[in-house]
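I've put the structures underneath this note.
Below are two complexes that have chain A in common, paired first with chain B and then with chain C.
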Partner chain A sequence: MIARIGSIGFNTFREAVRDRVLYNLIVFVLLLVASAPLFGQISIGLEKLILINVGLSAISLFGVIIAILIGIGLVYKEIEKKTLYTILSRPVRRWEFIVGKYLGLVLTLVVNGILMSAGFFLALAVFGHGLGRADAALLIAIYFILLQFLIVTAITLLFSSFSTPIFSAVFAFAFFVIGTMTDDLRSFAAAAKGITKWLLTAAAYLVPNLSSLNVISRVAHERPVGGSVVLYNTMYALLYSVAAVAAATFIFERRDLK
Partner chain B sequence: MKGVSRTRGIIAVVLVVALTGAIAATYRLGSIQVQTSADDELYLQSSKSLKRFSLGFSGLLADIYWTRAVQYFGAKRIAHSMHYESLYPLLDIATDLDPNLLVAYQDGAIFLSAAPPGGAGEPDRAVDLLEKGVRENPDYWRFYFTLGFVHYMDRKDFAAAHNAFVRGSEVPGALPWMRTMAATMAERAGERTTAAAIWSRLFESTQDPDIRETASQHLTALRVDAEVEALEDRVRLFREKAGQLPGTWVDLVRFGFLRGIPLDPTGKPYRLQTDGGVQVEDPQRFPFITHGSSSSSK
Partner chain C sequence: MVALEILGLSKSYSVGFWRKSLKPALHPLHLTVEEGETFGFLGPNGAGKTTTLKLLMGIIFPTAGSARIMGRDFHDSEVKRLVGFLPEQPYFYDYLSAPELLDYYAQLSGVTAVERKKRIPALLDRVGLADAGGKQLRKFSKGMLQRVGIAQAIIHDPEIVILDEPMSGLDPVGRREIRELIQQLKSEGKTIFFSTHILSDAEALCDRVAVIYKGELRGVGVVEDLKSKIADTAEVVWHGVHALERVSGLIIKSNVIGDTVRGVVSSGNTDVLLERLRAERARLISLTPVHGGLEDYFISHTSEREGVNA
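Here is the complex of A and B:
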């Protein structure tokens, strides 16, 4: 079972790294990071702050775009090219196929995230006049960005298990946007009354809580991120991703592929 | 077939367990996560930049900023905060993004002008915000009422309040009571009845429940202040007639100074002090009284 999932995952990774879109986006992020000092020159004393904010935001946003753009075609392409039938005719279960695809894309995003982060730290070392101990906190922000990728990939896979690529992209991006506003959603729920309160509370807990994974502003101001926040965010990201992949598998198991 | 059902069953269980765990984790996160710096820091203070970033959706962004201002104010007020540093910048940005967002000027000025912890205690900034509202919306006469209110209640500048009511009464469509208010301000500024009239108008004109409650509390406080003063006058008259202070309210009733035991707006009897002073039973129920509590001046 592990060998089969690993094989599907590795093939997904190989396919993804051949995608030209991926390289265009990575180059764009690195250019953006490199140009951050230009933004910094417009203001006074904010050079490093802007470099961190622009750099980490670009890694996060473009990682999410990569996750969505590649994720929407994961299942659809296999069906369209009819390669799925070849895979499923072998002793591969449907859920193994979905889990393998998910892990393959996650591996792609983690590798890309590390590459983009390396570029970011390089820019920080050059333009931010070296790296200090305080910059280690930036690793937590990057770790949270990678956790964010786990969730967004799982959601994209969930939508692509039953929808067309365009709709999957729209749904996944909408979930991403709403997910970044879960704090506001909870505030609205707290202020609402009656059925609206219940609906908003349910929505606030069902959409991915991406706002607690965004600590970019916090680390940019060299403010600490608590150990319990790291622990619970890790638990949350893993559990939410498992739930979304399980839902994708559940739908895909019942899907008529004839 | 049996194997497929078993797989589906396991997946369903994994789904439910993982989702429950995720909800529990996010609930826990919400309670342990310290308030982020975003509450008191505005990373983008330039509304011009924000307008550019909004890609034409400046109205929507203004709504979001107004909502943030309301939530910020609400959270600070509940926490009995004495500092509302980000309130004015939030309101300023919201009204820059949408200069016709009337509610942001109107209610925002009240939030700004009230003394802490009920408000930001920044009446000058409330005036700035309202004057901006007047510049952008010259036909909206209600801004002049709020302007007069802020000048009268929080800045104690009766001449400026009079001027605001006069200016407002001259705007086409302004309700006739604006003229009355201007005249009252000229003749009886500083009197309790004038304050009551202004709070009544505010109570009637606002839709914000917090402002309505505050206005209602102020009206009740004015009533208590007036009643306490009247009762203390009667106690003084009793002393002049009987040569001693009354022991209880019954003494005043017996001498014909009162028809019955005097009750405060909550229905509880006023307390007669041994020195002849009058107090309410529970001063915490009347946060704005200036008479009738041990801490208030007699």
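Here is the complex of A and C:
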């Protein structure tokens, strides 16, 4: 079982690595990070702050875009091209396939995220006048970005298990955007009344709380991130991802693959 | 032992705006394939062949019925270790090379690393792709892809090989290569169940065939038996032209060369003809049933629109 999931995961990773789009995005992000000092010249003395904000936001955004772009085709492409037929005709359970594909894409994003982070730290060392001990907190922000990838990938996989790529992309991106605004959504829910309050509260709990995983601004201003936040965010991301992957599996297990 | 037992498998799809009406794609199908048998599943396009194979492979779910593969329920994922499957017009991960693809599929089928190392080069050699090396599958011709398809279906040394239209879309050379591969598998004692609408392939390879049309089984049996159902004449050759007058009422047409008579007789009159020839002391040279081809049987069982349904 684990060997089969591992094989599917590795093949998903291999496909992404051999896909030129991925490399283009990495190059694009690196270019963006490298251009950050230009913003610094506009805001004198704020090079490092802007570099951190732009760099980490770019890593997050491009990681999410990769997660959605690849995620929407993760299952759909295998059905459309019928490659899934030669997988399911082997002793591979449908849930193993879904979990394998998920872990493969997560591995891709983590490797991709690490590569982008390396570029980011390089840019910081060169243009941000070196790295200090306080910059270690940036690793927490990057860790949280990777947790975001776990969630966004799981949501995209969930939508792609029953929908077309275009709808999956729209739904997943909508969830991501709303998820980054869950704090505001909860404030609206608290202020609302009647059915609106009920609906807003339900929506606030349904969409992933990505705003709590965004500590870019906090670390850019060298404000500390507590250990409990790291623990709760980790647990939240894992539980949310497991729930979304389980839902994807539930749907996929019952689906006729035409 | 029965290798494959289909027990009333059926499939209907919901159609219409509200998806309330059901359109049957496969009526309850009962079929058995014996171990070591090469079985052809014949039918025109859209007859329900691929639906049946997809049901067996767990790609779609049956509306009713079940199946047993080597005595085990077909839903049991472990039973798939015993089955190799080639889908119709297969598409493989085109960013992989042939050895990579086979390695991936072998892993999924639980073949150990040591075995994989031995089997993959041997199998590539067997299907004529030893020279393909690290070339990605996107650069393969259709014939090469089909050979990779056969290789992936047998990489784990299955007991049953299920092939969906294995010769479809291939040129004559490609078809011959695949036919030879199937013959090799047959000689190794594998059970082969393959769908096709190319009747000459079925006739050349199969021990038994089933004919399916509009989701319904129209006939099943040994190829020669099925053909004989269509045949209703026999060619009789004998020495003794003097006997011709005595049997002329039974003969449809005849041709005399010297003392030798070549006559065509209806199958039902063969016995009477032979008795009369014996009584006339004519010397029988040969008696050959004149079979219709499998094609005749196929057409008669799948041509409802022409009103010749048997």
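Operating definition for what follows: the second predicted complex is superposed on the first by the 257 of 258 C-alpha atoms of A that agree within 3 Å, B and C clash if a C-alpha of one lies under 4 Å from a C-alpha of the other, contacts with A are read in each partner's own complex, and residues count from 1 in each chain.
Please note the rule applied: contacts are C-beta pairs under 8 Å (C-beta built on N, C-alpha and C of every residue); 3 or more make two chains touch, one makes a residue touch a chain.
Keep in mind that what you see is a predicted model, and the values were worked out from it rather than measured.
> Can A:81 be said to touch chain B (first), chain C (second), both, or neither?
second
> If you stack the two complexes on chain A, which partner ends up touching A:228: first (chain B), second (chain C), both, or neither?
Touch status of A:228: first partner only.
> Taking the superposition on A as described, I'd like to know which of chain B and chain C A:7 touches: first, second, both or neither.
second
> Classify the contacts of A:186 with the two partner chains as first (chain B alone), second (chain C alone), both, or neither.
So A:186 only meets chain B here.
> Quick one: is A:219 in contact with chain B, with chain C, with both, or with neither? Answer first, second, both or neither.
The answer is neither, since A:219 touches no partner chain.
> Of the two partner chains, chain B (first) and chain C (second), which one does A:205 touch, if any: first, second, both, or neither?
Only chain B; A:205 stays clear of chain C.
> Quick one: classify A:93 as touching chain B (first), chain C (second), both or neither.
Touch partners of A:93: chain B and chain C.
> First (chain B), second (chain C), both or neither: which does A:18 touch?
In the superposed model, A:18 contacts chain C only, not chain B.
> Touching chain B and also chain C: which chain A residues?
Chain A residues touching both partners: 93, 254.
> Please give the residue numbers of chain B that touch chain A in the complex, ascending.
4, 7-8, 11-12, 14-15, 18-19, 21-23, 25-30, 32-34, 36-38, 41, 43, 67, 71, 74
> Spell out the residues on chain A that touch chain B in their complex, using ranges where they run on.
It is residues 53, 93, 95, 182, 184, 186-187, 191, 205, 209, 212, 217-218, 221, 223, 226, 228-229, 232-233, 235-236, 239-240, 242-243, 246-247, 249-250, 253-254 of chain A that touch chain B.
> Once bound in the complex, which stretches of chain C touch chain A?
Contacts found on chain C: 54, 57-61, 77-78, 80-81, 83-85, 87, 90-93, 95-96, 104-105, 107-110, 152, 156, 162.
> Which stretch or stretches of chain A touch chain C in the complex?
Within the complex, chain A contacts chain C at residues 3-4, 7-8, 11, 14-15, 18-19, 81-93, 254, 256-258.
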